[in-house]
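Two complexes come next, and they have one chain in common, chain A, joined by chain B in the first and chain C in the second.
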Partner chain A sequence: MTLDPRITGRFEYGQDQQVEGMLHARILRSPHAHAKVLSINTSEVPQQVVTLTRDDVADLEPLYGPMVKDQPIVARERVLHVGDAVAAVAAGTPREAEEAIALVEVEYEEMPGVFDPVDATGDAAPLLHDGIEIPAELRPDGRNICHRFRLQSGLGQQGFELADVVVEDTFAVAAAAHVAMEPHATLAYWEEGRLHVITGTQTPFNVRRDLAALFRLSEEMIRIVVAPMGGSFGAKTFMRLEPITAALARKARRPVRAVLTRGEEFLTVNRHPARFHIRLGATRDGTFVAKSVDAWWDTGAYADCGPSVCTKGGYAAIGPYRIPNVTVDSRCVYTNLPPAGAFRGYAATQGVWASERVTDLMAGRLEIDPLELRLRNLLRDGDRFATGEVMRDVRFAACLRAAAEAVDWSEGRKNKGLAVMLKGMQTPSRTGVALEIDAGGHILLRSATTDMGQRPDIAQRNLAAEALGLSPDLIAVGPNDTDLVPFDTRTTSSRSTFMMSNAIREAANDLRRKIAERFEVAPEDLVLSDEGAGVAGSPDLSRPLADLAGLRGDGTFVTPGGLDPDTGQGIASSHWHQAAASAEVRVDPETGVTSITRLHTAVYAGNVVDRPGAELQNEGSTIFGIGTALFEGIVFEGGQVTNGNLSDYEIPSILDVPDFTYDLLEGGEHSHGLGEMAVPVVPAAIGNAVAAAGHPVRNLPMSAEAVLGSSTSQGLRRPSSPQGGWEGD
Partner chain B sequence: MEEPEWHSPASIEEALALKVRLGDAATVVAGGTFTGILVANDLIRPHAFIHLARLPGLDRIEIGDELHLGAMVTHRRVERSSEIRESPWACVAECFASVASPRIRNQATVGGVLCDADYASDPPTLLVALGARVRLRSPSGERDVLVADFIKDHYETALGADELLIDVVVPRPPRHVTYFKFKSRSSEDRPCVGVAVAAEVDDSGRCRSLRVVVGAVSGRPQEFPQACAVALGDRITIDVATEIGHQYSELASTLSDVRGSAAYRKRLIAVLVRRSLETLAA
Partner chain C sequence: MKIAVQVNNHPVELESRADETLLTAMRRAGFRSVRLTCGIGVCGVCTVLIDGQPISSCLVLAPAAAGAGITTTEGLHDGDPIATAFQELSAFQCGYCTPGFILTTRALLLENPDPADDEIRHALAGNLCRCGSYLKIHQAVRRAAESMRR
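Up next, the complex of A and B:
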C-alpha cells in the first residue's frame, strides 16, 4: 500500500528544501515600533558568518512591494514596526546563526508611533513614508493613506433623503494571524548570475517580477520553484522571505535558507484590522434606497496588497443588494503595526461583518423578518450592482434560503442569525496552462497553480481528464517551476478552479487540434481514449498516446475588468463568489459565553470538480470563521504583539467545532473556487444570532467579555466610540 | 553562547547535589511544557538543565489514607488512572483532565505544575482546597509544605535552592468536591477563572466544613474562610451561595490578561462561586 507522503512525513514542504552547502539565515528584528537606526555594528560577528545590512544592498532597488514600492530588504534610515528586519545573518547551522544575530549591535533613537488607522490620518500622526512613489492608479488622498477607494452610484448620499428609516453603527474587526502549520520558508541560490528561489508561495510570477525589479535583472534571470506549502491562507502571497534570502545568498555566494519561527510569523503578515461606519436607508416597506460605507483598513507599516483589500472590502460591505444610491469611502492606512496582507476571506470578512450586522439592525427597526428583508433586496439576475456591472448566474437567494431552512428559520427566529455575501475574484486576471504528451503516454499538465494543501493536482487532473475524455490516471501534473509553466496571475482569491477550468478546456481543444493534424483529419473526427488516439470509423489507424509524445496544447484564459478608484464603476469581478450562513446560539447571560447550537453554510459551487476536496475546503473555512467569530484576535500594545504565540493566540481546536452542516449548491456552466466562501458569512451569522439573543455585538472577535458587556437593548443609538474615536469623519 | 549542559541524574541524591552545585545557573526540567515555552521565547537562558526523568520512584501513584502523586507523574496518568478514578480522589483526576490537550497532558507533570507557579493553571486551585501538601527533599532531609503556602506569587514558590519537590500528598477529600474551569476562549485554553469547592456535608445535608478557592485570577490561588463561615452548620441555600459568591468577588484580587479583564473576572467569580455552591444546595 502506498501511503500519502504527507502522512508518513516524507513530504517535502518549503522548510524541508535543501541544497548542498546551504547556509541558515536569521533575521535581526526591530524591538521598536518606530525608530531611527543610528548605527549597526557587526564587528563582533564571527568571520565565517555572513551578515547583511543596509550597506550590502545599496546597489539594488531600494524598495519593493506588490502594489506600492515601500519596503526595504533591511531597514535603511528607520524601522517602522516591531519586527521590521534590520539585519540578517547566514551561518553554517541555525544555532550559529541564532548566536550571531545576538552579536549585532544596533543603536536606535525611538520615535513616536501610531497604532490606529483613524489616528494615523490625523495631522498629529507621524508620517510613515516620505518620498515614496505611489502608482498612478492609486489615490493616496490623506495623511498616511496609501489608497482610497471611493464609489458613488445614483444620488450617493442624497439618496438618504428617499429613506423613511436610516440605521447606522460602527464596527471593528481585529487583526488575525494565519497560523499555517508550516511557517514561511525560502531557499535561494545564485548560479552564473541567475537567481534560483525555492519558496512556499502562492504567487510565483509576482515574486519573479518583483525580484527582477529589486535586483535589476530581467525576469528570465529569475527562476521560482514553488515548494508545496503546509498551509498558507494568504500569508504566503507576494514577497516575504525571498528578497532577504536572495540578498544573503548573493553576498554569501552560497545557497541560503530562511525559515521563520512561530513568533516571527506574527510580525511578518497578519489580517487587516478594520473599522467601519455604515448607514443604511430604507423605505417603510423594507426597500433599501441608500447606503454609505466608511472604512479604515490598517495595513501596518507597508502597503503590501492593502490597496486591493480596501477596494474589495469596500464593495463587499455594500452587500449583495439592489441599492440605487451608494457611497463608499474606503481608506488603506499606514500605521506602525506589522504589515497586513491577504487573509482567507480576503477583505470580505471585515466588510460582510459590518454590512450584515447593519442589515439586521434595519430588520429590527422595521420589524421585518431578517430573511424577508434580505430576500426583498437581494440582487437578481440582470440587476446592476453598485459598480454598474450586470449580475449574472445569481444564486444569493438560493444560498440564503438553504441556510435559513437548515436552522428551521420559519419555525422561529429566537437566537438565530443569517448572513449573505458577495465576494469578488481577482479581476482582471490571466491564466495559461499546457497539456503535453510525454514519452510514457501520459498527459503532463503544466500549471502554476500552487499547492497549499487544497489538493489542486486532483482538481486539475479531473478537469483535464474531463476536457480530453481520458481517465484522470493518465494525467500527471508537472513541476511548479516558472521555467516550465505558463504564466498565471496567482493562486489567490479562489480563482484557480474557475480560471484553470477555462484554460484547461482551451488547452485540451488545442491538443486535440494538434493530434488531429498529425492524423490529417478534422478535430471532430478524432477519437481520444485511454487506449490511444484514432480516427472515427478507421480503427486500424489507432496509435497509443506514447507515439504522439511531444505534442502540446496550450490554453489561455483572460478576464478583463477593474474598477475606477474615484467612482467605483467598472467590472469588480468576472464572476462572483456567493454564500450564505445561518447560526443558532445559546448565550450564557452571566458569563457571555456563546455556544453554537446550529451552524450551516450554503455556498454556490458551480460544477464541483473534486467533491471530497470541496467539502474539506468548506469545512476548513467554516472552522476559520468560527475562530474569527469567537476569539481570534491579535492584541497590540504600543505596537508590540502581546499574544504572539499559540498559547496566548488561540485557534479553534476540534472540541470548539460544533456539528455543522453545509450545502454546496451546484449548477451553472462553470467551476468555482470555494476555499474561503464560509469565512466571511460564518462570523456575521453568529453575530446576528448573538444579537438576536439580546447582545448586539459590534466587534470581532465576539469575546465572552464583549458579549456580556454589549447592551441588551436593540436601540439604534450611536455607540460609544471605539478607541481613537470618529473625529476624523 | 555555550551549549547548555544537560544533566540526567540517576538518583535524587545526585539531582540534589547537582542543584546545590549549579545553583541559579541550572533549571530543573520535569515534563518540559513550561520550560520549553520559556526557552523558546528566550525568557530564560540557563547554562544547565537538570532533567528528572531518570530519577527512580518519582512516577509512583499510591493510594492509602492519603493520595501520593510522585513529582514526575504526568497529568495524563492522573487523568487515566482507574485507581484514582474509582477512589474518593476522583475529583483530582477530573481536574488534571481539564488541563490543555492530551499532547500537553502526556508531558506535563504534577511536580512541574506546582513548581512553575504559573497563575493560569488548574491543579493548584483544587489542591489548595483539598489541603494538599508538597513534600520537599534537600540534602539535609524532608519537609512538607501546604500547597497553599508553597505557591507564593507569580512564578514564586517556597522551594529552597537546595530542594526538590518529590511528592504531592492529598488528604482524603470531603464528601463534596468540585472544580469548575471557566474558559473564555478555546476548549484547550488555560482557565480564565478556576473555582474549587471542598465541602463536608453530613447525612442530614448540613454543611460541616467548606473551602472555596478561586484560581487563575492573580498570582496565587485565593481563599477567604471568613466568607465561607455563613454556610456552616446548615444546608447551603441559593441565598447563601449567592452571598458567598458576592463576598469572593469583592475580596479577590484579579488581573487582566488575554482571557479577560480584571473587572470581568470579578463579575465571573460571583457567578461561578455561586454556581459551584448551587450544586451543593441542590
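Up next, the complex of A and C:
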C-alpha cells in the first residue's frame, strides 16, 4: 500500500502554493470597532516593500460582496469593525512584511459602535452603511437591516386565536469560530492582463465573478485554481483574501501570497450570533396550530451571505412540523462586529436550537411526552411546509424514532433530550461535470467540487464508476481550475454529493452516446468494461478505452426554486436534509458542568457513495455540535474579540468527545450530503436534556455558568447579555 | 545561522535566525508536514519528535534544536504500522493535523506498546482535529498497537 500524501504530510494545501518571485503579504487592521480614517502614512516603509492603501484601488469598483456590495478592499473613509483591513504590504519574506506593516501610521477618529443586532435596529444606533446599493431582491427594511425575510402562511398571527396553550421564550446563540486548522491562504499573480488566483476556496465561480466585477474585467480574464483546504467549514467561502492579494499583486507586478494568522482568523469571518423570540400555539391535545419566529442575525460589518443566512435560519426555526399558521420575521443586521458568514450547519444550528427548545417547552406545558408531541406534528409525505412546497421523501419520524430508541427513551426520560430538524439545500442551484477519455485510457472527471477534507474525489470517482459500470481506479479527477471545469454553483450547503450524483449520471449517459456513435450502434448495444468498449454480441469490435481518447460526455443538473422574501412562499429546497438527535446528560449541581452520558444522531443519508467518508462526515458534524453546545463562543467586549486564540477559544479535543453512536438511514432515490446534518440537532438535543435535568437553558453555548444560572429554582430569566448570553443565561 | 540537526536520520542544516522557531526553520527547509495552526503550543499540529519525544515546534527556538534527532512524517516508509492503520481506517479528513497525530502515536506506542483506551485518549489530548476524526483516529491507534506487538 502506497501511503497517502495526507499521511506523509507531503500533501500541498493553499498555504503551500508558491511561484517564482513571490512576495509575502501582511495586512494592517483596525484596532477600533468604528472610526474615521483620517490619514494613512506609509513613508516610513522601506522602498522595496509594496504598500497598498485606499489610493491604490481608487480606479477599481469601490465595493464587493456576494449578496450586497458593501465591503472595500481596504478601508476608505471609515473602518467598521476591529480587524477591518486598512492597508497591506508585500515584501520579500513574511518577516520583512511583518516589520514593514508596523511602520504604517494611521490616524483614526473613534466613533460610537453598536455590537448587538437588536440595538442596531434602534434609532440611536450608528448607521454602518450609507448610500450602498441593496439589490432589488433584498428587503432592507429598518435601520442597519440589510435584509428581512418574512414568511406568512395561513392566518399568520391570528392563528394563535385557535390555540388553547401558547408558550414563548427568547433564545440566543453566540458567535463561533470555524477554526479550520489551515488558515486562509491565497496566491495571486497577473500575466498579460489576466489575473490568476490560487486559493483555498469553496466558491471558485463566485470568486471569479466577484473579482471580475471588482477589477472591472470580463470573467474570462480571471482564472481561479482551487487549492485543497486544511478544513474550511464555511470560512473559505466567497471572497476573503482574494481581493487584497490580487490588488497587491497588481501594484507589485509580482506574485503575492497571503496567509492569515490565527488571530486574524477570528477577525475575518465567524458564525452569526443570533437572537430569537419564538411563540408556539397548540390545542390541548398537542396539535400545533400557530408559530411565530422573530429573529435577529448579527452579520457584523459586512453582509457577506447574511441575507441568505437569515432566510434559511428563518424557515429552519419553523421546524419540520405541520403548522397551519406561521409567521417569520428574520432580520439580517449590520453591527460593528467582524463579519459573519457561512458556517457548518448554516443558520439551522441557531434556528433549530430556539425552535426545538420551544417544542420541549410546549411538551412540558401540555405534559405530553416530547417524542409523542413531535411525532404527532411532524411533516409527512405530501404535507405542505410553511413555504407552500409539498414535502417528498420525508424521513423525519424515522430519524426521530431511531434517535429516541438509541437512548432507551421509552424506559424513562430523566436527563434526556431529543431534537429533529429540516435544513434546506441551496436552490436554485446548477452543477456541470464532464467525463473525458484520456490518452491513457482513463476517464478524466472534470468537476469544480472543492476539497476541504470531505473526500470529494473518492465520492465523485465512485459515482462516475457506478454510472459507467467501470472500476473507480479508472476514474481520475482533473485539476480544479475554472479554465478547465464546467460551472458549478459552489461546494457548500451539503449539496455536492446530491448535485454531482445527478450531473455525473447525465455525463455518463452522454459519454455512452458518444462512444456508441463512434461504434455506429445504439447506446443500449454498447458494452463498457474496464477492458474497453465494445458492442454486444460482436467481441471482435472491442477496443481499449485509450483508442477512444478525446471523447467527452457532459452533464448538467439544475434545481429551480427560491422563496419570495415578503411572503416566504416558494421552493426553499430541492430536497431536504433531515436529522434527529438524542442525548442523555449529567449536570453537576455544584459546578453546572454538563457531561454527556449518551449521544446519538440519526441522519437521512439516502444512497451512501463513500462509506468511510459518510461516517467521517457525520462523526465530525456530531463533534462540531458538541463544541457549539457546551463551550464554543466568541466573547466580544466593545467589538474586540477577547478570546481569539486556541487557548481561550477551545474546540473539542478527543477528551471532550463522549462515546456516541449514530445511524445513517439509507434508502430513497438520491445521494445526500452529510456534512452538516448532525451539527444543528446535537446542541438542541443536549439542551433539551439539560433542561430535563432541571436547567432550562436558553442560550448557546451551555457553559457551566449559563447552566447554573438557568436552574429551575431561580425561575425563568430573559437573557440580558448583549452578546447572546455567554456570560450567563 | 546554520543549525545542524538530523531529520529522519539524515543530516540537515537548518537556515534560521536565532529568534525563529523550529517550525519556521523546518518549513523553510521544505518539511511541509510541519504546520502552523495555533502558534501557542495547544493544538499539536506542528508536532515533531525530538529524540523520540513529541514537542510543539512552534514553541521551540530553532537554535535550541541544534544537534537533535528530529522525526517528521516525511520519513515514513510504506508499511509503517501506524501510518498503515491511519490509512486503512480512514482516520483523517483534510489531513492537516494528521502528521501530528501520527508522531504523537509513535511516541506513545514506543513508550507504552499496549495502551488502554483511556491512555490513548490522554496521549492524544494535545492534538486537535477540527474535522472531528477522533473516533477513527482512536481505532487506528489501537490497531497500530496491535500490529506493532505482533
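Keep this in mind: the second predicted complex is superposed on the first by the 710 of 729 C-alpha atoms of A that agree within 3 Å, B and C clash if a C-alpha of one lies under 4 Å from a C-alpha of the other, contacts with A are read in each partner's own complex, and residues count from 1 in each chain.
Here is the rule we go by: contacts are C-beta pairs under 8 Å (C-beta built on N, C-alpha and C of every residue); 3 or more make two chains touch, one makes a residue touch a chain.
All figures in this text were calculated on a predicted structure; none of them were measured in a lab.
Just chain B (first), just chain C (second), both, or neither: which does A:F266 touch?
neither
Counting only touches as set out at the top, which of chain B and chain C does A:F636 meet: first, second, both, neither?
Once the two structures are laid over each other on A, A:F636 reaches no partner at all.
Does chain B (first) or chain C (second) touch A:V593, or do both, or does neither?
first
So in the superposed three-chain picture, is A:W576 touching just chain B, just chain C, both, or none of them (first/second/both/neither)?
In the superposition, A:W576 touches no partner, neither chain B nor chain C.
For A:F276, is the partner it touches chain B (first), chain C (second), both, or none of the two (neither)?
neither
Mind working out whether A:T622 is in touch with chain B, chain C, both or neither, as first, second, both or neither?
Touch status of A:T622: second partner only.
Is A:R10 contacted by the first partner chain B, the second partner chain C, both or neither?
In the superposition, A:R10 touches chain C alone.
Which one hits more chain A residues, chain B or chain C?
The partner making contact with more of chain A's residues is C.
Considering only touches as defined above, state whether A:A180 meets chain B (first), chain C (second), both or neither.
second
Applying the document's definition of touch, where does A:L708 land relative to chain B and chain C: first, second, both, or neither?
first
Report, in rising order, the residues of chain A that make contact with chain B in one complex and with chain C in the other.
Chain A residues touching both partners: 645, 647, 651-653, 655.
Mind listing the chain B positions that touch chain A in their complex?
1, 37, 41, 101, 182, 184-190, 258, 260-261, 264, 267-268, 271-272
Okay, in this complex, where on chain A does chain B touch?
Checking each residue of chain A against chain B gives 99, 102, 263, 590-591, 593, 630-631, 635, 642-643, 645, 647-653, 655-656, 703-705, 708.
What does chain C use to touch chain A in their complex?
Those in contact with chain A are residues 17, 31-40, 42-43, 45, 72-74, 76, 78-80, 83-84, 86-90, 92-99, 102, 121-122, 124-138.
For chain A, which residues are in contact with chain C within the complex?
1-4, 6-13, 15-16, 95, 178-183, 228-231, 233, 261-262, 452-455, 612-613, 615-616, 619-624, 645-647, 651-655, 657
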